[in-house]
Amino acid sequence: MMITHPFHDADGDKLREECGVFGVINAADAAAITALGLHALQHRGQEAAGITSFDGKEFYSRRGLGHVADNFSSGGAIGELPGSMAVGHVRYSTTGGAGLRNVQPLYAELASGGFAIAHNGNISNAIHLRQALVQKGAIFQSTSDTEVIIHLIATSRYPTLLDRFVDALRLVEGAYSLICTTPKRMVACRDPLGIRPLVMGKLGDAIVFASETVALDVVGAQFVREVEPGELVEVRPDGRVTSHRPFGDSNPRPCIFEHVYFSRPDSIMGGTSVYQARRQIGMELAKESPVEADLVVPVPDSGVPAAIGYAQQSGIPFELGIIRSHYVGRTFIQPSDGQRTSSVKRKHNANRALVEGKRIVLIDDSIVRGTTSLKIVEMMREAGAAEVHMRIASPPTMHSCFYGVDTPERSKLLAAKMDVDAMRDFIQADSLAFVSIDGLYRAVGTDSRKASCPQYCDACFTGDYPTTLTDHGDLEAATPPAKPVKVA
Amino acid sequence: MMITHPFHDADGDKLREECGVFGVINAADAAAITALGLHALQHRGQEAAGITSFDGKEFYSRRGLGHVADNFSSGGAIGELPGSMAVGHVRYSTTGGAGLRNVQPLYAELASGGFAIAHNGNISNAIHLRQALVQKGAIFQSTSDTEVIIHLIATSRYPTLLDRFVDALRLVEGAYSLICTTPKRMVACRDPLGIRPLVMGKLGDAIVFASETVALDVVGAQFVREVEPGELVEVRPDGRVTSHRPFGDSNPRPCIFEHVYFSRPDSIMGGTSVYQARRQIGMELAKESPVEADLVVPVPDSGVPAAIGYAQQSGIPFELGIIRSHYVGRTFIQPSDGQRTSSVKRKHNANRALVEGKRIVLIDDSIVRGTTSLKIVEMMREAGAAEVHMRIASPPTMHSCFYGVDTPERSKLLAAKMDVDAMRDFIQADSLAFVSIDGLYRAVGTDSRKASCPQYCDACFTGDYPTTLTDHGDLEAATPPAKPVKVA
Amino acid sequence: MMITHPFHDADGDKLREECGVFGVINAADAAAITALGLHALQHRGQEAAGITSFDGKEFYSRRGLGHVADNFSSGGAIGELPGSMAVGHVRYSTTGGAGLRNVQPLYAELASGGFAIAHNGNISNAIHLRQALVQKGAIFQSTSDTEVIIHLIATSRYPTLLDRFVDALRLVEGAYSLICTTPKRMVACRDPLGIRPLVMGKLGDAIVFASETVALDVVGAQFVREVEPGELVEVRPDGRVTSHRPFGDSNPRPCIFEHVYFSRPDSIMGGTSVYQARRQIGMELAKESPVEADLVVPVPDSGVPAAIGYAQQSGIPFELGIIRSHYVGRTFIQPSDGQRTSSVKRKHNANRALVEGKRIVLIDDSIVRGTTSLKIVEMMREAGAAEVHMRIASPPTMHSCFYGVDTPERSKLLAAKMDVDAMRDFIQADSLAFVSIDGLYRAVGTDSRKASCPQYCDACFTGDYPTTLTDHGDLEAATPPAKPVKVA
Amino acid sequence: MMITHPFHDADGDKLREECGVFGVINAADAAAITALGLHALQHRGQEAAGITSFDGKEFYSRRGLGHVADNFSSGGAIGELPGSMAVGHVRYSTTGGAGLRNVQPLYAELASGGFAIAHNGNISNAIHLRQALVQKGAIFQSTSDTEVIIHLIATSRYPTLLDRFVDALRLVEGAYSLICTTPKRMVACRDPLGIRPLVMGKLGDAIVFASETVALDVVGAQFVREVEPGELVEVRPDGRVTSHRPFGDSNPRPCIFEHVYFSRPDSIMGGTSVYQARRQIGMELAKESPVEADLVVPVPDSGVPAAIGYAQQSGIPFELGIIRSHYVGRTFIQPSDGQRTSSVKRKHNANRALVEGKRIVLIDDSIVRGTTSLKIVEMMREAGAAEVHMRIASPPTMHSCFYGVDTPERSKLLAAKMDVDAMRDFIQADSLAFVSIDGLYRAVGTDSRKASCPQYCDACFTGDYPTTLTDHGDLEAATPPAKPVKVA
């Protein structure tokens, strides 16, 4: 959710969801529940975490770099966050010390009292709004686009906080699933297109909001429903739940990539099991792009469900031809004869005894820059594979995301630079195929894509962005804004 | 390798391998290679790591609590370990700060010069040997059984270091795969029964030793052969490799549990692929204990290969009915309404949409105390499973290990307390079956077990210990020795 | 400089200066010079330090809890602060982790560009100004009164930054010695009364500003002159120095306590040597309150110069009857028989062999709560002193300071509760005398105090506050404002 | 007490005492008392501290780098050290991480049980003894000479621990003041010459041992007597105190430099007040080397008592012409125009207003390498001093110490390289004089030095070493022993 990052060159070769949000109201130990919930959403943002609680009198906040477990598993940490209302956030951040002031929830003391906000998504006119606010005398403490929302609320002329909040949101464009707290209520809301997910659950008398249903499962809450696109749900300490629809109607376009990669397979997204959608993508792929082979091998772990589907559809045995180490993280110093090894090898190792002499169908979820695919294919060949056929459980990723997903700049997306044949040559596979956009739509349980009014946001595959992109006039070639002061 | 721990009550519900060792000689950047190798062996010991290098003049040592990546990924750390010979160790240790002096490699300055040693295994007469050494004036700096070997070498009357080394090993009983360095050589050796594994590889001009072949793969080395049971391999800086057989012949009995659980699936152990052996166990299990069901579901990740085998043999589809979170570690504070959640849930979550209404065959590698199995079965039922049939890819674990594996005391082993029917009731499964001991032997590629002269150490299943157990006269009821000073 | 602290109950028994400031422009290695300068001002604020530099393009900032040496002695820290302009700050802060966002220099991005500010002093209408700003939509990131100045600048309607700055300062009342940087200049200014000190020096082509001359000495700069009360000195990167006098004329009233205790004895303050003023106070005291005795003993270290003066004037030998340990800091766990020892004893120990049987004149700089004086007198008696006569090198401290000095609330000031005779009984001395207010004025080199128009701010002795105290309407009984969110 | 250090090139320009010891038996909260006592001895060793306690059953130990307050002020730290008997140690160590295993008390489990030892002094045949022990199979865990004593005890053939202890001490030569604990007693002993100090005190029912009386003062204990040279005092848990004299009679030769510099001025050493001895040295110096001048200025803090004596004897006023900062420690990054400043300036600053135009007598305790003296003289001249006369409160330091004091190697001692006239020229003073050896002896309260049988060890001034120096055959040119493994 950094204004500065949309073109950040990630060192991994995956798109990265940038945030997960969680909130609970009317629960004893709200912070402990929030810590568990954020832990279940850790895959949505692994570099920083924060929780803000309210105990009826004061707000308490704790934010830290690193995993939820590093910051919020101790009794001491939770003990500093008293109260029956809490909101939390996990995020993927760019780097180091600079980040702490951008770690959410953000907090401000407004004239109406304290206000905490956790945001999943990205505001695509944040730079323009920020410049106008600074001209009027606003002083920003972070480089986060989310802070724009707070300043818009602070300077709105409407009398009530809820009106000011809606007034602020009317000015922003882009994707936002928000959970906010004031001394008198928790408010959860989702942008009119519902680009990023947000669900509501029930835990005894408490109401819970979370990015994915898996967080409800882990804290023991029951799924109630999704927060609807364009809906604003207000929950008060006395338990009253009020739904507001301040933005009128619009056709929702939730992010389809949540089904392909971001969400956990045990989540239910838009009424569909993520695991089953992925397995179904594998089946579509087997129908669309069959191949004669001995083994179906997933690139672990994200390729597993589609590989199971491909194997079931094709009848070719599913086998673990690549073993993934769970002890990955830091970069090691390469020995000077390091050409023999690589970071891919530390993470993935060929199951040589299995692969040797076999024709392999490799299943992965997506190709971003292609560097990892190249190494995985090479690893299979070194292990003696007779043929390597790559099948990808998404269409070619050709466009950047401006709605809260970390994408490399367009010029680094392999599919933006070459066609499928060239890509096959680049990764040195014997064959390469992607699932079709319609196959993907079918797999997630809808009809084929309606070109006039698509059911999902699929801009990363199609370039069809559902909102204007004010800050990115020269589409996908924007220069990052000047970097403000670095504060330790 | 702590004298004090064989009955340590682990908080996890798995047996734990206690150590991994790695050594390399005649390689530029020996320490960097060793760090990579240990990283690939991280699953064998996750609580501490150490590396000792030798640069032709001095020994350098660095040891730390935590993962290899936490201690040895920085250029600074590796830069402090110069030289072309290095030996490293990962270990599972009992607790906290106290442990640092027990972290290996252990180092001593003997009259012959510096001596570093890394040990995988456990010496079953260490307490007796230690008492005798202290009586003669030896001062121990750790509570590790490995230090006994050093003192035996230091006080041996033989003239050469190699003779002193053999003299020392003749006095110890139990399991040991050792990698040692002196200023003039690296020595790798394995006890006469070859209980713990040890392999040799080649990386250019360098010779590499490691607990498992996966470490050879990751550093880019080629597998040469196993160090044989009872063999002592000496490698000199000029490249000469000498094999010694000081202990005469004996029938090897390598640990069969390495195939069931400890080793990585991409390792080759005793000539057999660990992955394929595990898949084969699943097939044997499907033959021995078939059941009518809708899905084969592994308890991830260790149950996956056997589940694939079971599914292939039975024709029942393999599906991920349980999703494992990769962000596990610390214990979180439980909210006061915490009965609804649990640590098992943070690690494993049911894939409810898949499981609901289905008859499930659950595949796990072993049952230790049974507490996890109970929770997993319960989780399947809560997710709506119609029937839950548990199949275990090892025979019942009924006895403690005294050879370097962390086992709960016997009274806590579920299979030591009840028969299979009672176990089934305890874990509340609809049916429960274990692979037979002969099925297990067949799966790892041998004939059925020869009772008179078993091909493996399978004492944890059979109670048939291949060595005397001097320190454990009252078998499996030994009291731990008095705890020495706690040093920060 | 915390809005929340004026009545903070310090655990020490001294008044505490709350800040020191330092700035340099047109110097290679501006940050390294600033670190040295702040180190020389460490006695003015020991709990946090910060430096902000500007390299012609960007601002860089680093702030930390602890001493300057803890945060700014490493090459790494200084390397992160490039540029030829830097401003720094040391502060005494109330507590722990909460403080980091209050550590100065504060930084903001205004419409005109970056703006950094370091402040010594205290704004006595900060709470009122802040409330008005929040009503208009300002979002504060700290609880510091200094941030009020930034928001006033940000929202001023004047066109140029310098005009906005003056516009802002016209609204604030109280004490401020400020050093600010913008991309185009450094601005140093002092409130119209010149309550807190600020000097200007020259280091080659560079201009240096600092709270005290000792910082000029340590960085090798030459003293040029004081920044005048009500003066605003602007220095540009091309070396031009411009003096502005936006506030018209007023009679300066610098803090007289700087001479008594706050400043280092090797500083020159208002043209007078601090050491010589203190020695002269001792001489005045010897004239005003002579006593027959054997030894003049300072309470180290702050009582030493006055004791030397008292000894020289009286002819009684100066001796170290109390030895101060330099290893003080943390509170130790008291043994259960701890009544025999005390924290005073850890810091000060009687030189028993010297003191025994002697009549002692004890010289200290001030009495705040009286608890330390009581213990010191007791310590002298336990060491065998025949008589203990206390002489204090300042008048009785009877009123709180609202201008940047940490004072206990009035009800805890011993001199606010009792007369000199009662104070003597309380501390159990044989006699007690304070220097007179006129004696103090004479010692610092002026005539006696002019009651109609005092030459100094001496409100802590006289209650004669030189400004209105808007936030403290009910003088010296103000309740602290509600505490905002605690942010880790 | 490192075998490796006698010629360590300290970065400061002072000799450094290397250790302080403290022990207490029969006191509730023995560890808390020991922490306080060590804190009072912090000047004797500032780089590491350790405490070992015994609670009737087990020994507990905690050791850390840094000050006592950094390691032992928290309740947690003291809580880990239960029991009514404790022994502690502060030390000056060479460097960094390597040191922790050398931090005392050292602990070993002997056949007779646990044994902890704290040592002040240095064993001058430790290398020879160590080599012999290693030949017999001893394994050393530190590079400390103290560990030699433990191994000698462990391998002694005598039946009782006390006999083994005496047997061991008979083999060592050099200086040792030891405090040891076994499960049944505390033993304090001092080498036959009594080179390093050791005193005994009483705190209720508890017996306390400490390097200096100031530690007794701070814990509230009463001084009983010194442990006599060659005496071994045994204290048992039932309160019995037994004195042993196993070494027969010898003429004591305590270190005279304790009076000059090492000890705290508020300690009583050999019946004499350290402060009064230092003041008396100043008086002797004024008689022996008078000079016409305006001010007597101490080099703070160690020159203060002698300066007071010089001023009293000469009638020249005592003034603080140099101000010392208490915030010293780390080295700062020098700005590139750093020739204008220096580390001496950060620590000492001229009191320019006082010094300008005056003739100064500078008093310092000793000259080691002369580099600091040179800078201090230069600083006085830059501040405008008309003349600078240096007077030193000890004879020229010409020889290394082998008894527990850190001395630069002889070739770096200024007085070993040149005569007094040349030294005066080197430091650029107008005159230079040292107190005579007889003047020093008189000042500490004895007659003049008896050349045939000196009353003190004054080898650093005279080269007259009271013991053989086995490890240093080629006197004062010994090469340091090979450095053993560096262990993190």
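Chains: A, B, C and D, in written order; residue numbering restarts at 1 for each.
The rule is simple: contacts are C-beta pairs under 8 Å (C-beta built on N, C-alpha and C of every residue); 3 or more make two chains touch, one makes a residue touch a chain.
In this text, all values refer to a predicted model and were calculated from it rather than measured experimentally.
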Touching subunit A and subunit D alike are B, C
Top of the farthest list for subunit B, CA-centroid basis, is C
Chain centres from averaged Cα atoms put subunit B and subunit D apart, in whole Å, by 51
Per the C-alpha centroid definition, the whole-Å distance linking subunit C and subunit D comes out as 37
Touching pairs of chains in this structure are A-B, A-C, B-D, C-D
Contacts from subunit A onto subunit B in the complex sit at residues 27-29, 32-33, 35-36, 39-40, 42-43, 46, 67-70, 72-75, 78, 203-204, 214, 217-220, 264-266, 268, 273, 275-276, 279, 301, 304-305, 308, 312, 317-320, 323, 325-337, 340-341, 345-346, 349-354
Per the touch rule, the subunit C residues reaching subunit A in their complex are 52, 58-64, 80, 107-111, 114, 134-141, 150-151, 154-156, 483-488
